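Below: a set of structures, written as structure tokens.
Below are two complexes that have chain A in common, paired first with chain B and then with chain C.
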Partner chain A sequence: MKRLRDWWSNPWGRPRALVAVTWLYIAWSIVPIAIAILFSFNAGKSRTVWQGFSTRWYWGDPTQSVLHDPALRSALEQSLKLAALDMAVSVPLGVALALGLTRWHGPGARPVNVLMLFPLVTPEIVMAVSLLLVFVTLYGIQLGTTAQLLGQVTFSVSYVVVIVRGRLLSIGKEYEEAATDLGASRVAALRLVLLPLLAPAIFASLMVVFALSIDDFVVTDYLSSDASTQTVPIQIYSSVRGTTTPALNALATVIVVATLLAVAFAYVVHRRFTAGDEAARGSALREIAAFDV
Partner chain B sequence: MSEAKGGAVELVELRKRFGDVAAVDGVSLRIPAGEFFSLLGPSGCGKTTTLRLIAGLERPDGGRISLDGVDMAATPPHRRKVNTVFQNYALFPHLSVFDNVAFGLRRRRTSRNEINRRVGGVLEAVRLEGLEKRRPSQLSGGQQQRVALARALVLEPSVLLLDEPLGALDAKLRKALQLELKTIHEQFGITFVYVTHDQEEALTMSDRIAVMSDGRVEQVATPEEIYEEPATVFVADFLGISNLMTATAEGAHDGRCLLRLGESELHAARGEISARGEVRIVIRPERIRVEPYAPGGENRIPGMVERVVYLGSLEQLVIRLATGDVLQAIVVNDGEPKAFSQGVPVRVHLPAEALRVLPERPAGEVT
Partner chain C sequence: MARRGLFWPLFALPGAVWLVLFFLIPFYAVLSVAFGTVDPIFQGPVPVWNPFDWHFTTMRSVLEQLRPGQVFWTVFVRTFAYVGIALAGCLAIGYPVAYYLARHARRTKALLLVLLIIPFWVSYLMRMLAWIGLLLPDGLVNRSLVDIGLLSHPHGWLDGQPSSVIFALVYGYVPYLILPLFATLDRIEPHLIEAGLDLGASRFSTFLHVTLPLSKQGILAGSVLIALPMFGDYYTNDVISGSPGTSMIGNQINLFFQGGPQRTTGAALVIVLAVLLGALMSYYLYSTVRASRQPVTA
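Then we have the complex of A and B:
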């Protein structure tokens, strides 16, 4: 008994209590996802009773698998398409905004800096309703992919700005000054020095935007038109009440794996970019982790 | 490498404000081609801002900057024939040593062969051969400093600007690199404008020094002059330990200024010898003669040794004069038995030719 107590609360040993709490938390948050993924491989139609391993809900089943069910397949395609478009638009736009905001010292820079954070703190449902209103009545934008993309970009850009601006501030002005001193124009200094130094933040932004887009339900749902613009979260949400098969689990699993692959890819690229730059290493992961996405 | 020729820099009434602070407040300097010129002063005196104005990284609020007689005010930094060695080097962390040094040449569309030749040459000059492929983070502080130097020198600028380039290094390395910088200056024959707060660094390397304070130039002169004949109280005080005393001047007599310091009468042969009224007088510690106690004598004041500090080759005596002033005197450790120890009464000889009368700055401008 004494030995057990010493093992548990030895002031010179590892903080076992903290370790235990950490592992408990990890188990608590991973178990539901693990079970959901597990049942995507169920041979039977049940999402609660294990009936053997199979890949029928991914591609084996000729009508109900993710590959063959037109609704599921279309949702997956729409999700990935929106994510790709959102990354392609938000990241360059956010980088440009961050550059402008940090290198712009005129009056107004400060309020704009604060305003940039607005989308981060606005409740999503409020934003979704407002966007729907202005898109439909004011701008006359047709609901569907375009509206969904514009809606996602609206909030994604803020995340990109926050991530890139943080890195910009830690980089400081001296590298750009050195570049111009050595004969580079401002554009050349940006391209040859600042952008490579920003690479970790840009990759972090790409991944954050991907996760935000794949994950988004409220805004994307409000701005969707018909069945063809439903994304994976909308599809899963709307089929929960109906008859469900493990194909939904398979669909969700595809999204989880895609997100993990994206993060892993970003990490590998980031390590290559920051070889020899210890300070920058790991910052992208920290930047991703800083957002609960 | 030595075909590069130095450029002459001229600053006229240069001004730069940051908010309410006048960082550079009417600086005029004339730096001839090929000179090793230092801007010396405490932090915040405007020396770095002056350098950045020459580099074009800041835009002056007023005044002129010309290089070889051509006004540079409208020239953006990347078109000026000056290059800078930054305080923290600002080496590009994502580029190798070679690419860092080749950066400027590539901006000028230099051919590949030419780049290889010139980068190789300059890396040899700063003794960094074999490290071309390293990243800056894999180099020591001294090596990084040399890369920064090579990166600027390879462009063969007519003026090289150096912003406290040795500030981040330890004392021993600093000494070695001081000599190296001096050698490189002679080898390349270009103008160096060197910013430092380290008076020893400025004295050992420079052809001429400008001492700055509060955005203004206090004195421009050779190291000897700056040290031996400080023009102002500030310069005297900033350049090492100066024994400053306040005395009453009574004008010139036979080419020497008659001074009253408490009960004693002193003669000073240097500085503003015709001054009258309250003045500041200064004498360097190594010019003070400490003698065994005896009453009277010309330019001699009785005092008492308060403290003896052993410095190895030298000995520093802190002496309280009968007038109340405290002086520091440096005595060479010549192996003789120590004549002075704490509490011993002495007679301090302040030779007239070492005693200097300083012009007081106008009231309200004293820092």
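Then we have the complex of A and C:
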């Protein structure tokens, strides 16, 4: 009893209950995903009973595997296509917006700053419904890949701005000013000094946008047209309650592995870029972690 | 000089135009549809762009159904209940984890941070897929519970159970709460806590009077961060329950848009939801501003 009391009143002792809660939480959050991934390698058709190891649901099965089932394959292709397009559009757009908003102090800067934050806090269904209605009633944009891309860029840009602006603020204006004082034009200072300094943030943005795009369900679903524009999350949503095979798990696993690789890659590159820059390094993990809603 | 003044605004221009075109005007389109009319032949929504010509019939009927006892009232109350319970569950799990990570984890801190970030980057629907596999009638959960004798026969976890929906919401959103909580708790000066202990307060009392008040803003920010998307969530409900008996605001909106011709009603509901969340957001911003004006000791 006394030992228990001592343990409780010792402010520097390890709080056992907290250790237990933390590890239980981690197990609870990760083990189900691990089991779902495991079942993507099931030899049988069951998603619940283990029947031996096989890769049939990835490529072995001639009709139902991810590689050979037209619906699954096209979902994977559409997901990757949209992610690539989203990265190509929202990163340049977001970097430019971040530069503009940080360096420009005119009267228009503040409203744009506020507007930029809205997509981060708007529930997706509100954005999806608005985009659907405006495309159909006003802009006359056909639903499908273009509409999906426009929608995804709209919520991705703000994340890019937040990431790049963080880096811009930590760089400060000195390097650029030094370059212009030494005779560089503003464009040259931007290209030769600022952009290389921004490289880690730009790279992190690319990976974050990739993950955001791959993971998006609501906006992408509302703006899809037919089966050919279905993505992986849409495929999971529409068939998970029915009688499906472990091929669905395999499809989801491909996306999970791709995303985790992208994030890990971003982290490693970010560390390499910012080697010797202690403040930036410490924040890298958190920076990459903090921008997904 | 004029060129100099335009240099940076030009960078902001494309992004600003994009946000106006694809965020601001679309929201106005929702208003125009909600306060517009319905085509008598094709039953499609006809937006009215001029606010002076707006019709309020749809909004009025939506608001009438929001009165106690009516259809939307039930759905709204259910949504608040589910989100409220799920939020409490997320805090009950997330706070101790974030607290441990920020205050006590030393050697394992980097590893723990990585493990806590993983679910963050695993596709949301993949995480739901994982639980659906476990909760199926012949899934691992039912089989284990029957094996150890807690259940006599498999339970229909996925047949429209409110508890399953709330469980899935907690599972889905708790990772997004832990990181902002961790960021706040990590910033608390250890000296403040040591001072509390040195001055004779018990560990619990120190937590109650020092750590908890100092993390209040983080709790609030994290709660808003996960409550907003939860209010608009419909997919969790659809895949875990699929029953109208558990449907939330998001399901109701989705029903009007995916299923029928009543997009006008759907748009009116979106506006009600947006106003509600706007009020929530304003309260949050108000309390943040108020907190930042107060001295740290509060």
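The working rule: the second predicted complex is superposed on the first by the 269 of 293 C-alpha atoms of A that agree within 3 Å, B and C clash if a C-alpha of one lies under 4 Å from a C-alpha of the other, contacts with A are read in each partner's own complex, and residues count from 1 in each chain.
We adopt the following convention: a contact is a pair of C-beta atoms (placed from the backbone, for glycine too) under 8 Å apart; a residue touches a chain by one contact, two chains touch by 3 or more.
Every value quoted in this text rests on a predicted model; they were computed, and no experiment measured them.
Under the clash rule set out above, the superposition-derived model of chain A with chain B and chain C shows the two partners fitting side by side. By the touch criterion stated above, A:G94 is placed in contact with chain C alone, chain B being left untouched. Applying the stated contact rule after C-alpha superposition, one finds that A:V153 touches chain C and leaves chain B untouched.
When the shared chain is aligned, chain C comes close enough to touch A:A36, but chain B does not. Of the two partner chains placed around the shared chain by superposition, chain B is the only one that A:V193 touches, whereas chain C remains out of contact.
By the touch criterion defined above, A:V126 reaches chain C but does not reach chain B. After overlaying the two complexes on the shared chain, residue contacts for A:F118 are found with chain C alone; chain B is out of touch. Residue contacts after overlaying the shared chain place A:I214 against chain C, while chain B stays out of touching range.
Angle at chain A between chain B and chain C, computed from CA centres in the superposed arrangement: 100 degrees, to the nearest 10. For chain A, the partner touching the most residues, choosing from chain B and chain C, is C.
Looking at the shared chain after the overlay, A:T180 reaches chain B, while chain C stays out of its contact range. After superposing the two complexes on chain A, the shortest C-alpha to C-alpha distance between chain B and chain C comes to 9 Å.
The residues of chain A shared by its contacts with chain B and with chain C come to none at all. Residue ranges on chain C touching chain A, taken from their complex, read 5, 7-16, 18-20, 22-27, 29-30, 32-33, 45, 47, 93, 96-97, 99-101, 104-105, 110, 112-134, 136, 138-140, 143, 158, 171, 174-176, 179-180, 183, 194, 197, 202-203, 206, 224-225, 228-229, 231-235, 238-239, 242, 250, 253-254, 257, 263, 266-267, 270, 273-274, 277, 281. Looking at the complex, you find that chain B touches chain A at residues 55, 57, 76-79, 83-84, 86, 88, 90-94, 103-104, 107-108, 135-138, 151-152, 155.
Contacts from chain A toward chain B in the complex involve residues 174-175, 177-185, 188, 192-193, 196-197, 199, 273, 275-278, 280. Interface residues of chain A facing chain C in the complex, by the touch rule stated above, are 8-9, 11, 14-15, 17-19, 21-22, 25-26, 28-30, 32-33, 35-36, 39, 47-49, 93-94, 96-97, 99-101, 103-104, 106, 108-109, 112, 115-116, 118-119, 121-127, 129-134, 137-138, 150-151, 153-154, 157, 161, 186, 211, 214-215, 217-218, 222, 232-233, 236-237, 240-241, 248-249, 252-253, 255-256, 259-260, 263, 285-286, 288-290, 292-293.
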